[in-house]
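Each of the next two complexes has subunit A plus one other chain: subunit B in the first, subunit C in the second.
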Partner chain A sequence: MLYTIFYGFSIGAILYFVSIGLSLTFGTMRVVNFAHTLTYSIGVYVLITFIPWLQGNFIPAAMIAILAVVPISYLIERFIIRRLYGESLDYTFIATFAVTLIGVDTIKMIWGVNPLPFSPPMSTYIDFWGMTFPLYRIIIFGIAIALFLGLELFFRKTIVGKIVVAALDDKDGVRSLGINVDKYFSIMFMLGSALAALGGVLYAPISAVQPYMGLSILLLAFAVVIVGGMGNLRGTFISAFALGMVMALTARYWSQGAETMVFIVMAIVLCFRPIDV
Partner chain B sequence: MGELIGTKSLTKRFGGLVAVNEVNFQVVEGQVAGVIGPNGSGKTTLFNLLSGFFLPDEGKVYFAGQDITQMSSHRRVAMGMVRTFQLVSVFSSLTAWENLVLANIRFKKEEHSLNNFYFRPAHKKENLEICRHALNEVGLEKKAGVKTSELSYGDKRMLELAMALSLRPKLLLLDEPLSGLSDHEIADVIALLHQVKKDFAVVIIEHKISKIVDLVGRLSVMNEGRVICEGSPSEVLEDPKVRECYWGKEEKNCST
Partner chain C sequence: MNQIESRSVEPPPVLDFPVKKEKRAVEIFIIGIGFLILMPLISIHRVTDFMIFCIFALSFDLLYGYMGRLSFGHLLYLGTGAYVFGLFIKYFQTNALLAILLGVLAAGLLGMLLGPIMVRATGACFSLMALAFNQIGFFLVLSPLKHITNGEDGFGAHAQSIGFVNFSSKTTMFILTLLLLLLVFYVLKQLTTSPYGVLVRSIKEDENRVRFLGYNTYFYKWVTFVIASAVAGLAGTLTALNYNFVNPNVMDVHQNVGVVFACLIGGAGNLYGAVIGGVAYMMISNYLAIYIHRWEMFLGLSMLMIVFKFRKGIWGNIRDIGDYFRRPKEIRPAAQKGI
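Showing the complex of A and B:
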């Protein structure tokens, strides 16, 4: 059981990395970005490409992977997301989902259709209470906590953080102060995409690497953001770990049902949530 | 006194509805002008066009001699055009003085290098002093650390005005600043406006006409997207066209 809870934490951490960007993009720009996890998958494939060149050094390859997605996310934001401000959900879905499909096929063209094998960068185990836990998963969890604290500090203490918090509340109010909100939204978008890539890069060794990996985690990320509240960063943190735990616990008893259970929980939450005016 | 802001045949349509219909509107430096009219007459849309929140379908907007028709709203603020909103727009998740920090960012940014600015802590001492002064002007200095969501509506409106004044406006566009306020709070706002009106031009949209009659030098009346009457408050309020759009046509057999 302890293992299950432990795995729940590490899944939750990955969900957190991927969901932050989605929550921010919707909270600030009011755009539902169905292309969000493209950077997640591209990050992984770039990582796998660079690892042999860097003699198997995981950390530099991971950093290159995350940096590589930044220009891609800039292009997506500049030429697609920005055009979707204020547009109906239909257009937004078509446009961003099209980006995802193009991305998936590009991956297939460059790297092929078959899943790629990839093993964790470390196989160290830690002994604790008479049980062994993989150090790798502990590190993932540690990074998630550090990220959460870092973001809290960022939004509470820095000026840019305050601008984003205010813009989440009232975008037009911030515009009327002479602040170019769109520029800050772009920065937040790129940050969110880089974090999704971080999630992908960290999860790759313990999951399957195939061209459609972005799509399956996209739906889970949506569930996290819906349960936690769009634009609510603390809520995203809590719901990511809660749903990660749901997945781990369900997988223990009904392995095929792990993802399904997440959506069942999401549906229940939606039924009982008081409607915000 | 030169023209500060002017529009030429300004038009804005929303589908079949012409919200603002070939409006020519001018304000000169130092003038205090009022805009009144029934609901849906296009007053707020006019403000949105002036401040750049909407772009017009036809016509032009000039500010301080420049054609700003296509200029983005944040650059208009930099030129000195500041507006407030019908529903008070202060940021409820921040404290009163943090709201003012945001209002002052524009000026602070010019003083610091790019790297320094992005990660600059919000709570620096210099910011505190500027904000304290601004809050003092509107009588909110004791509530500086209070979260805006906990302030009364009247206090929020004063905070919004403090933020607007911090932006060093040349032209202040106030959209129904008195709505939702008690008589006491209205008196406070009017007193503040009397005090600051000598520093810049002001345009006020209001429904509570009696409260602004002493404040404004000129009234414009809008109805169905057009300016139907313009002049001193006493002239305008006697005008039959104006009375008609508010109270309907006079019955022939009624005594006035």
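Showing the complex of A and C:
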């Protein structure tokens, strides 16, 4: 049972990485970014490409992967999403979906269609109270907590964070103070995409690597964002871990139904609290 | 409630309430003739396929074009229709007509059940929930129901002939599908030009105002959702009947983009647009895929083009040209861009 709770925490951490970017872009820009799948997968594929070059050094390769996503996400934001501000949400949704299609096809062109093998960078286990936990999952969980605290600090203490929080509340008000809101949104978008890549990089070793890998995790992340409240950063944190726990507990008794259970929880939440988006 | 709607620049569409019966007949006739002309050009089996997809596109258009709800999981209802059809034929009876009826009812029933949850959401939330439900459905037929649906491999469903109607003959399938397509078109046309249709379109424009007028918008959205699901279920049963085979691909989440593309390229919010877009999409996917290997990329690029430059779709542009020449010369405005 303790193992299950532990696995729930590590899944929750991954969900948090991916969904925080979605929540940010939604809260600030009112844009549902389907291209998040793309940044997630690109991060993983860049990681896989660079690991042999760096003689199996995981951390520098992961850094490169996360940084490689930033210019791509900038291009998506600058040329696709910024042109669709203030229009119907459906168009941004379709446009980012189209971007995903193009990107997935590019991935297929460069790296091939078949799933790639990839193993965790460390197979160390830690003994604790007579039980063994894989160190890798503990590290993931630690990074998630650190990220949450870091983001809290970022949004409270730095000027960029304060502007973004203010813009989440009232975009026009911030703009009328003479602040170029679009610039900060662009930064948020890149930050969100980089976090998605981080989630991909950390999750890839314990899941399969294939061109469509982003889609299922994106659906889960959307469920997290809907349950936690769109644009609500702490809500996203709590719902990510709660849904991760739901997944782990379901998987313990019925391994195939884990993802489905998340959507059922989402549907129940939506029954009691409809979202007008 | 921070929904940002694109404000329409064009004047509101002229509502043609008292539609003449002759006009309807001519419309139906033109579509029928169109597919009959298409038949010798392409093989008959493919045209049947095209028409089934057109039925599906019509149901999607009712939801997206008329009610403004972009569903990224509409294949769930098509798949439900196909599976109920196939399972009924496999396990109970080989009567195809009864199976079609049951498939449509099942898809409608699923729409009734999911509708109350779905229609609460708007915009992207609606799309995501549709996607999530579609994923659940795909998963259900793939693994928990594996012992009856045969999982990934699918199963055959051979309908027996009723009287002189032999369902394995391609010509019969063609005629049946054509008749059903025309029926669906007629019914949807009647619905969308009725006061109910106007109400649904008003919900797309501004739901709050419709609510202020005293209408129970949830009910109307729910009814529209159920109709759209039932029609999608019809398309599903026909797919199964046409191929004599059902497998989970009929509700593969990734395939949803096809009908969105079809609806956009034909022109959303118009039944002709849905039919034209359906044919156009099937043409592209059937023929272009042979020549262009990277076909998803092409789809993505053209979707971007549509979103940025070609929002009215094929039918919208045809209508614009028609309007341009019908007007007196002095008041011809320059072509308006976008919606």
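Convention: the second predicted complex is superposed on the first by the 273 of 277 C-alpha atoms of A that agree within 3 Å, B and C clash if a C-alpha of one lies under 4 Å from a C-alpha of the other, contacts with A are read in each partner's own complex, and residues count from 1 in each chain.
Just so we're on the same page, contacts are C-beta pairs under 8 Å (C-beta built on N, C-alpha and C of every residue); 3 or more make two chains touch, one makes a residue touch a chain.
Remember, it's a predicted structure, so these values are computed and weren't measured experimentally.
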Contacts of A:35 with subunit B and subunit C, given as first, second, both or neither: neither
Comparing the two partners subunit B and subunit C, which touches a greater set of residues in subunit A: C
Touched partner set for A:86, first subunit B, second subunit C, both or neither: second
Contacts of A:176 with subunit B and subunit C, given as first, second, both or neither: first
First, second, both or neither for A:243, with subunit B first and subunit C second: neither
Partner chain(s) touched by A:204 [first = subunit B, second = subunit C, both, neither]: neither
Which of subunit B and subunit C A:105 touches, first, second, both or neither: second
Partner chain in contact with A:259 - subunit B first, subunit C second, else both or neither: second
First (subunit B), second (subunit C), both or neither touched by A:166: first
Subunit B-touching residues of subunit A, taken from the complex the two chains share: 157-163, 165-166, 168-170, 172-181
Contacting residues of subunit B [partner subunit A, same complex]: 51, 53, 72-75, 77-78, 82-85, 89-94, 98-99, 101-103, 105-106, 108, 117-123, 163, 167
For the subunit C and subunit A complex, residues of the former touching the latter: 1-6, 64, 68, 70, 72, 117, 120-125, 127-129, 131-133, 135-136, 139-140, 143-144, 253-254, 257, 260, 264, 294, 296-297, 299-301, 303-304, 307-308, 311
Touching residues on subunit A, where the partner in the complex is subunit C: 30, 32, 80, 83-84, 86-95, 97-102, 104-106, 108-109, 212, 215-216, 219, 222-223, 226, 256-257, 259-260, 263-264, 266-267, 270-271, 274-277
